[in-house]
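In the two assemblies presented below, subunit A is common to both, partnered first by subunit B and then by subunit C.
After this line comes the complex of A and B, so read on.
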């Protein structure tokens, strides 16, 4: 066991961890917002929009994230579209997780009884206000647990970006491995760092669940 | 009394004029016409499936209707009649503005479970009318006092009994200061021992001259609280008149048999 080696290379790991966090923040934001768009399409009054939403979900969830990243990073340049490895990774993860999170939002909204919307409309609210003030606050509370799952999956999936040489945590650990013969210490440390980041996000969500409990009447 | 000068009768607040509605091939409302004057309490009675709840829900356009016209204070509900005779749905904004003037209380209360009692009352006046929270709060607390629930203002709906929730729902509708209150079978989901507390609140509103349209199966209550009663069956308005006329001297055979069955059921 040689953790002195790890300590000596702490800056490399910390930079990798910072990049992992940056990827995760980008993908979390993209997917949280994109999920709203997907849910909006899936629940639209207009059939063509519902079809677009359903098609997007099926394509995104039925192809591997690694392939999606490769399509963006290696495939698009042949069409003249170039983007950095970081952008490709964030975009691919945002798109795929928009599909998952959109379905989570939809499940939450559809679990709210139509009478809630009716009561809001009867009080003179416009449909958009009823959604914002009455339906979404209830739906989001109900979906905090699956949303937390998905957030953690996103954090862990950022490791896939190492395949296109984004200098994130997993990539850093591979570099360390080349410099030493300490695979156990290296990957154990990296696992702990992932655990810390994920546990932090999970903790925030637990806090949110406590602060915004689900109530039924 | 002079025959020359007719008594001043103000235009009715609600005019339902030959309203018809179909669900697919089924005609659920057939040429229903009714008026409600300001201060009136109209009870709609009749067997299940007679269309009384559908009619009530047309009055604030929670249900659409295809034929005829409903107006509230001269303003048409939900649709506008174009000069060429075609009908067009009003904008969401126009429909919402009308609903803001018409309170509704539902069979299943439909309180907002994520908001506490006071927030349930204040959310619509603040958000819809943009009123400041302070005065709305004052009004809401006075209404909670009136329905006997001021001490529950920081409770959540799930912490209240059915009767309490329904009283909150009545207060919520009134906090919007509507010119008309619609009550849709508001005691049907309640345990029998909780019905009285809700009916008492409605009776006191009637005494205050609040205009109401009430769909109910509580005949004794309808008779006591109403200024007029309308009996519906199979989507038609069969007979309407004063409570005395409807309950004591019903003309129509359909209404007579309805009353007989009701009396038999209640051994009156």
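After this line comes the complex of A and C, so read on.
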């Protein structure tokens, strides 16, 4: 074992880790917002919107993220739409995870008893206010655990961006492999960095679950 | 594009899809066996081994599969193990998804009511008999929908094999795209093949879940 080699290349790995975190943050933001749109479509009063939402969810969940990234990065330029590798990866991950996170939001909202909404409306709240003040605060607490699982999946999925040469952690480790004959050290280190990032996110979400517990009335 | 080219391209993609299905079946088989073993260790095993199984699950679920695939493919030759790529994929993919399958099996086994164990013991059944005849069949039914979910993710993740130089559906699509210069249609066709495979699995899962509600 030769960890001196790893220490010498620490800057490369750190830059890779920073890029991994940047990809993850971009995809997390995109997917938490996109998820709201998807949940809105899926729960809409209008049947065509519901169909669009359902179709989007099925297509996103039943095709691999790698293929989605390839369609955006290699396929769209033939139509004249050019995006950087980073943008393609973030966009593809945002789209796929909006489908998963939209379903999580929907399950959370549907788990709130319909009488809560009726009571809010009976008190004279507008539907939007009932959603904001009564339904969402309860639903968001309930979806924290599945949301945390999905966040960790997003972090792991950022590794797929290495296939279109985004200079993130997995790509950095491939570079190190080409330069050296220290595969174990390289991969043990990279695995540990991924574990640390996932553990950090899992920790933050546990903290959020503790701070915002589900209240059973 | 002529229709002859279209048919030959479709056939080529279908071959790729067969490789994808084969790899998926191998991965799911390894994941089922190893996942069951991990779940049994955690629930009924000797305590230190159970903790080891739990630690394995945490590590496997915290590291991307792509990293494990690249890592093992590059480092196995250093160990003197010269395995074909497909075997590496089936083993590493199987062990990776075993961690997820173990969670599914553990939850299902734990969800069988304790009274079932008590009733079995009252009837004079031995522990092993009780487990195989009474507990396992009930847990199997409970675990099927979430297990199919794991299988679906496994199918999608076989696409990573193309990133370490293997040939399957995505690689076939890439070759067709390069040959015909129809890159977007080629990848959309690949997506369609995945959709057919994965949508069938999720529909089976939904069907099973619906049937279960009346049990």
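Just so it is clear, the second predicted complex is superposed on the first by the 217 of 217 C-alpha atoms of A that agree within 3 Å, B and C clash if a C-alpha of one lies under 4 Å from a C-alpha of the other, contacts with A are read in each partner's own complex, and residues count from 1 in each chain.
Everything that follows uses one rule, which is that a contact is a pair of C-beta atoms (placed from the backbone, for glycine too) under 8 Å apart; a residue touches a chain by one contact, two chains touch by 3 or more.
All values derive from a computational prediction rather than experimental measurement.
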Side-by-side fit of subunit B and subunit C on subunit A, or clash: fit
Which of subunit B and subunit C A:63 touches, first, second, both or neither: second
First (subunit B), second (subunit C), both or neither touched by A:215: first
Partner chain in contact with A:162 - subunit B first, subunit C second, else both or neither: second
Which superposed partner A:3 touches (first subunit B, second subunit C, both, neither): neither
Superposed model, angle subtended at subunit A by subunit C and subunit B (C-alpha, nearest 10 degrees): 110
Contacts of A:125 with subunit B and subunit C, given as first, second, both or neither: first
Residue contacts with subunit A in the superposition, subunit B compared against subunit C: C
Contacts of A:141 with subunit B and subunit C, given as first, second, both or neither: first
Minimum C-alpha separation between subunit B and subunit C after superposing on chain A, in Å: 26
Subunit A-facing residues of subunit B, complex: 60, 62, 92-93, 96-97, 99-104, 106, 108-114, 123-124, 127-129, 156-158, 165, 172-173, 176
In the complex, subunit A residues that touch subunit B: 115-116, 118-127, 129, 133-134, 137-138, 141, 212, 215-217
Contact footprint of subunit A on subunit C as seen in their complex: 59, 61-68, 70-71, 74-75, 78, 152, 156-157, 159-160, 162-163, 170, 173-174, 177, 182-184, 187-188, 190-191, 194-195, 198-199, 202
Contact set on subunit A toward subunit C in their complex: 58-59, 61-68, 70-71, 74-76, 78-79, 152, 156-160, 162-163, 170, 173-174, 177, 181, 183-184, 186-187, 190-191, 194-195, 198-199
